[in-house]
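Lettered A, B and C in written order, each chain numbered from 1.
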Amino acid sequence: MIKSTSYIAQNTFKETIRNKILYNILLVAGIALVLSISFGDLSVFSRGQVMADFGLATMSLTGLLLAVFIGVGMLGVEITTKTIYGVITKPVTRTSFILGKFFGLIATLMLNFILIAAVFFITIRVMGAGQSFTMFNAVLLLLIEMIVIVAAAIFFSSFTTPTLSAIFTLGFYIAGHLNDLVNIGAEQQNNPVWRSILKGLFYILPNLENFNIRTAVVYSLPVPSGFIAMAVLYGFLYASMLLLLSIALFSRKDL
Amino acid sequence: MIHKIYWGIAVILIAGGIYCSQTYLSKNTDPGWKTESFSYLPDNERIKDVLLGYETTVSHYLWIRSVIYFGEHYKGDKRYLWIVNMLDIITKLNPLFYPAYEFAGVLLPDITTNPDIPRILLERGLTKLNNRQWNIAFYTGMLYYQKYSDTYTAAKYFEMASRFNSPHKAKYATLAAAFYKKSGLEKDGLNFLLFMYETSDNPEVKRHLKEKIEHYVKK
Amino acid sequence: MYSIEIKNLTKIYRKGFWGIKVPAVVDVSFNVHSGYVTGFVGPNGAGKTTTIKTIMGLVYPQRGEVRVHECSIADYRARNGVAYLSEQPYFYGHLTTRESLAFASHLLNLDKKRINDEVDRVLDLVELSHKSKSKVKEMSKGMQQRLNMAQALLGKPKLMILDEPMSGMDPPGRRLFRTLFKDLAKSGITIFFSTHVLEDIESVCDRVVVLSKGKKTYDGAVNELLEKGFKGTEIELEQDPQVLTELILNAGCTVDQHSERSWIITVPPGIENAIILEMLNNNKLYPARIERRKSSMEELLYSGGGAQ
């Protein structure tokens, strides 16, 4: 199973790398990043910090675009066009297929993210702003967030059409960034039933704000020890759960 | 069957891990990070252009964040570094959003050292709301009285408040008269009360104003 | 020994917003004998593709049991040594021919060192060696179908399951495939393929399974089926057999004059041709033509002529 997963991952990586649309997205991401950082130059406050934050925000949005494109486009379309037949009809489990797809997409995402991050750090440096360890941590957490988004895209693709999957993934992203309001709402509730429901929802829905330490970057605030590690762990666990659910759904799907 | 058991164990372990890690992260996240991340939003009209028609929605979202921010810092260090900026952005994005002006009138004077800040926000409210909210005029009057010790300007604002149709119309009129008197302009106060009495259609208001006028005359 | 065993297979699809049940295959049971070429025939919508997809683990049945080489299809290892050729070729467009076959070889767990040789071998078999570096998306449909066959031949499978393998092929391509099937069958590979073209059944298959509206209507040897459709022998004469007419009629045959110089004697099944031929020979009447009359395969399969 490990071998077949590895070969599927390699094939997926090759497929996404050879896709021209990916390069268009990268180009747009690069231009947007450079422009947004330059825009930060207009800030009344500390230039460097605001530029860093605008750059990170742009990376987050373009990373979302990448994650949705590769997550939905690769798996969902493969089911629709039936190229999956060439794999599933071999002595390969559906679990291997999902995992292979996931790892292949992650490899592509990491490569592209490294390129975008390189543009970010170079631009920051050229614009005269300093870099900090927190900034690297912020980029790392953005990458983890994108991994979770890819896992979500695969999850949605395992049971619905590519278009719906893209919509659900975007909804997942928005819900993930508003999830802390659910927690606050739960704590304000006097009704124990409603409180429990909201609390449950808070834990079930993703909390993508766990990967957002842009403010700490901007204000050079200390990030509590273990926070980064725990956020990374949370990201991997959540992505694992989404993959488990994807495998469970995909295993019984008629192709 | 054994496969299903393994799956079940994996799901439980991962769910438990998610719960524990999320709990840890919730406890260790500074809530101020969320609001302070908006603090350097440009405070000019340009921000509206990028919101593509969602200014009202964004203003409401920022208001929620401001309330949470205020509450957290009220319970904590009682330092509200970014509240003014937030209110400024909210009222620029959504000039008709009354609660922001009310906050500026009720709470802001006590938490800022500079009375000009709430004054600017309140005056913006008076302009943008087309004078629909009598409370803003009242709060402005109180601000002038409490922070600037300017009873005459306060009287003017109370007078403005009393000109709106509100349940407190008569009381605002009385207050205006009282502050005119404090400013040494008792006659102006009395003339104002007489004007309000003559122009009012509300019998209850008329009755109240009549009592006050008689009180002034007796004096 | 059976390569495929299907027992009481039922597959029901749910269609539309309300999930209306549409039965595709209902209580179908048959076995595919090892080492034989078995055809799988039926009109459109009979359930052939659904049955094949169930065997390959692409769809899940509501009821029934399917085993391949005595291994349940629920286990992915049932697909070891099994090659599948889909009706349409589905390849990753970004790969070249060689890369596609190499990828398939990896998934089949072939020895890494042998993969290149194996790819060359199958490309030779389907006459696509000259296209090994071409991207799949740049190839014609017929070539892609040949590539499809090439990937099915990788690793010398014990069982080949093909869903309309000659669909969209030109006549030379069809002849190539038929020859290939016969050669593969001689080497001991079990072949199970679905087709609309009945000529393929007659020319290639040892056995045939017939489906109609999701139910099995025939399962047996092709020659037995053809025997069932035997309608007798026609003997054409260019001379009037009037001296023998009574004898021929007494023997249970019929005599008809078709034209001025053509008389047809029909010998029904059950009567030896030799008796009639000897009779004619003794009277110096020599046949211009002798032909076995039989029902067409279409008549046999679809008109209830072959139903069990």
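Annotations for the structure displayed:
By our rule, contacts are C-beta pairs under 8 Å (C-beta built on N, C-alpha and C of every residue); 3 or more make two chains touch, one makes a residue touch a chain.
None of the values given here were measured: they were computed from a predicted structure.
A linear topology is adopted by the chain contact network, the touching chains following one after another without closure. Compare each chain's C-alpha centroid with the centroid of every protein C-alpha atom shown, and the nearest one belongs to A. Between the Cα centres of subunit B and subunit C there is a gap of 83 Å. With centres taken as mean Cα positions, subunit C sits 50 Å from subunit A. Look at where the CA atoms of subunit A average out and do the same for subunit B: the two points lie 39 Å apart.
Residue numbers of subunit B whose C-beta contacts span two or more other chains: none are found.
Looking at subunit C, no residue sits in touch with two or more other chains. The set of subunit A residues that touch two or more partner chains is empty. On subunit B, the positions that touch subunit A within their shared complex are 7, 10-11, 14-15, 17-19, 21-22, 24-26, 28-30, 32-34, 36-37, 40, 42, 64, 68. Of all residues in subunit A, only 42-45, 50, 53, 180-181, 183-184, 202-203, 207, 209-210, 212-216, 218-219, 221, 224, 226-227, 230-231, 233-234, 237-238, 240-241, 244, 248 touch subunit B in the complex they form. Chain contact summary for the complex, subunit A toward subunit C: residues 3-4, 7-8, 11, 14-15, 18-19, 81-93, 252, 254-255. Taken in their complex, subunit C has these residues touching subunit A: 13, 53, 56-60, 76-80, 84, 86, 88, 90-92, 94-95, 100, 103-104, 106-109, 151.
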